[in-house]
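Below, subunit A partners subunit B and then partners subunit C, in two separate complexes.
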Partner chain A sequence: MRRKGSALSGMSTIAWKEAADHFSSARFHFVMLLVLLTAFGSVYGAIGEIKNTIGQDPFLFLRLLTTAKQPVPSFVAFLGFLLPLVSIALAFDSINGEYSRRTMSRILAQPIYRDALLFGKFLGGMIVLALCLLTLWLLMTGLGILTLGLPPSGPEIARGLAFLVACLAYAGVWLALALLFSTIFRQAATSALAALALWLIFAIFWGMIVHALTVALAPIDPTNPMTLVSAVEMQSALARISPNTLFSETAQALLSPQTRALGLVFMEQMEGAIPGAPLPFSQSALLIWPQLSGMVAAMLLIFTGAYVTFQRQEVRA
Partner chain B sequence: MRTAFSPLGFVVLTSGLALAASGALAEPPSSPPNAPTGVWLTTDYPAVTEQVGKSFTMDLSLENHGMPPERVQLSLEGVPQGWHYEFEGGGKPVKAAMVGPGDNRSLTLKMTPPKDAETKTYTLNLMGMAADNKLSVPISVTLAPPAPASLKLESKLPALRGSASSNFDYDLTIKNDSPSNVTVNLAARTPPGFDATFKEQYGSQELTSIPVKANESKDIKLSVKPPQDIPAGKYKVEVGTSTGKTQAQTALMLDITGQPKLALDGPSGMLSGSAVAGKEHSFTFTVNNTGGAPATDVKLSANAPSGWKIDFSPAKIEQIAPGGKAQAQMRITPASNAIAGDYSVNVDSNGKGASDNLKFRVTVETSTEWGLAGLGIIGIAVLVMAGAVTRYGRR
Partner chain C sequence: MSAPVVEAKGLTKRYGPTIAVNGLDLQIEAGEVFGLLGPNGSGKTTTILMLLGLTEPSSGTVRVFGHDPLRDPLSVKREVGYMPDAVGFYDQLTARENLRYIAKLSGIAENEREARIEQALQRVRLAKVADRRVKTFSRGMRQRLGLAELVAKGSRLAILDEPTSGLDPQSTQELLHLISSFAKEGMTVILSSHLLSMVQSVCDRVALFREGKAGLVGTVPDIAGTVLGGICIIDLEAEGVDPEKVVAAIKGIRRVTRRKNGSVQIDADGDLRSEISRAIVAAGGSLKSLSMSQSSLDDVYVRYFETDQNREMVNAA
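Showing the complex of A and B:
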């Protein structure tokens, strides 16, 4: 039976309710506390490092996010590692949790379409992520103003906001993935483990897998330098399957303005180039546009997968 | 008979000897036969001409020939009103002198007429009063106006040739032909924009005046620096010296041979521009000739990264007049695979005898076509989702 009216009516109710539930849940509090602590630790280390080593930099606030003080990684590296965890914590039981609590039939007894339920759940997670990231970014900027004694410049704010958008897209991919697993697996523990396994693969093991695959798919012939080029290209193409790679490349291009290219660069292309000259923001944005659009598209497609799976399920179990 | 000498005969002999001896004593051999004896007061030149307004001296001599030492009181008679005089002997003012026989005393009469003394001949009487003798020498002094002072200025090499950027150093000699020491003021009149400084011949101190002793000369140096952008030609510098009373001039020539000088300028004074990878852009460069001669055959070239296309139109500028400028278009196409960012391009302008270059900074922007492709991918993802929503949308 076809539904009447828009699939999105009632979606905002679900979204805000979902967001409110998240904000009051202990699980979310723990995860955010973890993120906040690591963020403070890394930025605090970065401030000390900047004060000690850097005399002058037109992008001091961006250095705040990218500078690492051993053994603490930089803020960006922490975000790349922990944002998937936050997303998974938000969504790994969003659908199967409703089943196990036996609340799915009650919700759908309300005048709400199934579509709106899934859209609302996803959007609620995105709202939570957006608010948290914005707060985190403002906190870091405020900390920077307080300790460095400088206001951020216009390009720095633009790059910071673009980085925020990239973070949201990256977190969105993992949110959609966790949502997909929560619709596929009836057990919350299974979906959580599946999502965490994928997270571990992409965060830690993907580099090794890519290396092994490159050796197998594009062997290097020492007499033919072109095979080296194709191997490097193959390696970067495989690495970009991982959203973590896409995110770290995006962060690098946005937060280090002197980044001119991501990937293979030939010597002749750098001839006459002025080293260290920062790219204008528009060019940096153009540089990471494929990565960003890739993440957004992946988020949409994974969500579509979750949507199709959910729509085909029997909910009256 | 030998012992019978008469005593009379011996007496005659001895008296004859005595006579002979007395004759030798009466006439000493050193004395001239008719030398005058007496005490005299003399001067070499009893009639002199002196310059008005100045003191002068006369050399006197007091001589004694064959007279006992005598004290002589010195004085001058007929001294005009306002004149001062003084006798000096042995470096001291004296009033009287004494001289022994066969000796003489040098004396000096120093006379100081007033500054405004009349120029005419004065007759004075020099008097020497001894105890029983009165010596008198009439002298005449003619006062004449002073000789006219004159100043001469000469240049060893009055015409020099060089480029506008060189220094023109002239050696000048100032000669003071007057009997007094003077301070000479120095001045030079140059064409506008020239810089002229007087210096010591072997020194770097700049001078505005220099003292020159009477009847001596001094060598000085005049250094003239023309302005950099002066057109080629002959320029005249007049040098004048003056002491207030006298002056002297000389004219110096500068023959400036012009030289072209190029100055390259970017589009509207900027040294940077932006271009899209793989697309042609055009920048207008201006070549200025700031030298003093026309610049000919000015070639424009650029040194760009490989894979870039750069040419100029026109590639060669035939002539740029002094102070003039010419424009050329640089057409630049960054390599289509150029990476976004700043690149440095060396632009050279080369004329005969002059060149200039600049570093032009090209900001390469990459094409936004791939940005549209990214949007397309997102669009496809949205379409897939919309299709899923329509296909699986149910209650």
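Showing the complex of A and C:
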């Protein structure tokens, strides 16, 4: 049975209203303040480090984002840790909040489909994330120009923009996840806790879990070197279930141009390679293609889950 | 006579084994104020949600302005305004912003949007507080804002779910007054309630809901006639005799029940006041008061659902 009318009518209205709500909400201001402070802290630390080693790197601007000055982690590491938090803060109550405010049935009584509401909510979150990431990136670039005194080169800008896209995909995964939880759980607190629990698992415990699983699933036989290879491959495959791993690999390949591979490399594969020589941007992009499409796929898959759940939900609270 | 505004045939909704609405047939004409009356959980809200296409009927058909709410929900929702039970708004937005959002969603042209919102706010006397946040609004103001939404949207059919629940008597009167004035201007109104006096004062026709069925449909006097079967209810207060014994001997008395305050309620086939007074006096008692009450919807309601409970008890025994 086909429905009449467009599923998208009203979507942009909802998206812009959601974005406006986010930009004026105290919760979002708080999270963004946290991100900005850590960003400034880590880049400031990186500048101090870079000044000691100036002139040794053609990609000085990218070093700004990847250099860590102990004990402060690098900007990229911070972003990998905090972006999920921003996404969760944006979306953990987007659907169940409408129920608890008792606005859901009123909104759905307007001439729009449910699809438009969910698309609009997701899109609104993505607009906010995109604007914030762009601002953050421009701020950091500006800070770099001011303190280092030189403009970024063309390849650096290309890599920076690609990194921005990767950040957006990564944040999108978590946005979709928070949206899914907000449709599954009727209590905003429950969905927030579920999303935060998953965030902690992937950000902190996933490495340990992967290690334990690898030992169990692919035990190493000291007499057979091939078991070592399969163990390493198993480990990286399991680690890549986590969007955090995909993001950090993407960031590594994009922001450290000398990265040639994101997994096991054999000696014969390195034949003829100049150690430490940077790859052109197109080759780095090729390298992260699976990671990036993995993140986009995860985002779409999780969003589909939220979509199906929401479409089947009873409107009455 | 034009086609009916709402036409439901054999409308049924099951939630698993429980039947919320059971084979409902309903026809509502243009310009009517139609009351859905019944206790909580008798299927009123479910019926409303099916009219709006927010819930899928298990079987049966509905037509609203000739459209199928399931296949063509946008056409239905464009014509219909819905005010849910305990209507909710976005608290951080002002009254005007809330209406603007709804007006955008319902596709009102940009050039007439503001004028219509202003007009609607004046209509429900909220123009002075239009730019205050809804957070500060009282319950009555929220309900009026809900009505303003219907006006701004230009709905031809207004569906109000428990519009006066939780309101003080003055706000209730005000709201009912507004609703009747809408009806006078040609808006068809469906309102659900368990408050009988309210339904009696504004509704042209009433459907009594019981276990998901519209047991009785008709004007208030018609229904009273059907349920009470032309029975008169007489209040008697007497001293010096046992009124129950004395009265029981009179022909045409259906039932005698003693009230807590000592008076007696008599259900009789006709106006038997003179016979009763004679009998009391003849038995040596003194008559303190004797009056016949008008059959109101309250009596109908109590009687209707009382017989229901009695039957259940019989079935259980």
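To be clear about the criterion, the second predicted complex is superposed on the first by the 313 of 317 C-alpha atoms of A that agree within 3 Å, B and C clash if a C-alpha of one lies under 4 Å from a C-alpha of the other, contacts with A are read in each partner's own complex, and residues count from 1 in each chain.
One rule holds for everything that comes next: a residue touches a chain if its C-beta (ideal position, glycine included) is under 8 Å from a C-beta of that chain, and two chains touch if they have at least 3 such contacts.
The structure presented is a predicted model; accordingly, all values stated were derived computationally and were not measured.
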| item | value |
| --- | --- |
| Superposition on subunit A - do subunit B and subunit C clash or fit | fit |
| Subunit B versus subunit C as contact partner of A:A261, first or second or both or neither | first |
| Residue contacts with subunit A in the superposition, subunit B compared against subunit C | B |
| From subunit A, separation angle of subunit B and subunit C (C-alpha centres, steps of 10 degrees) | 160 |
| Touched partner set for A:Y113, first subunit B, second subunit C, both or neither | both |
| First, second, both or neither for A:I274, with subunit B first and subunit C second | first |
| Which of subunit B and subunit C A:V308 touches, first, second, both or neither | first |
| Partner chain in contact with A:S24 - subunit B first, subunit C second, else both or neither | second |
| Nearest-approach distance, in Å, of subunit C Cα atoms to those of subunit B in the combined model | 5 |
| Subunit B and subunit C footprints on subunit A, overlapping residues | 1-3, 113 |
| Subunit A-facing residues of subunit C, complex | 45-46, 49, 52, 54-55, 70-75, 77-78, 80-84, 86-92, 101-102, 104-107, 146, 149 |
| Complex contacts: residues of subunit B adjacent to subunit A | 304-308, 335, 337-345, 361, 363, 365-366, 368, 370-371, 373-375, 377-378, 380-382, 384-385, 388-389, 392-395 |
| Residues of subunit A that touch subunit C when the two form their complex | 1-5, 9-10, 13-14, 17, 21, 24-25, 101-103, 105-113, 314-316 |
| Residue ranges of subunit A touching subunit B (in the complex, touch as defined) | 1-3, 7, 113-115, 260-261, 265, 268-274, 277, 279-280, 282-283, 286-287, 289-290, 292-294, 296-298, 300-301, 303-304, 307-308, 311-312 |
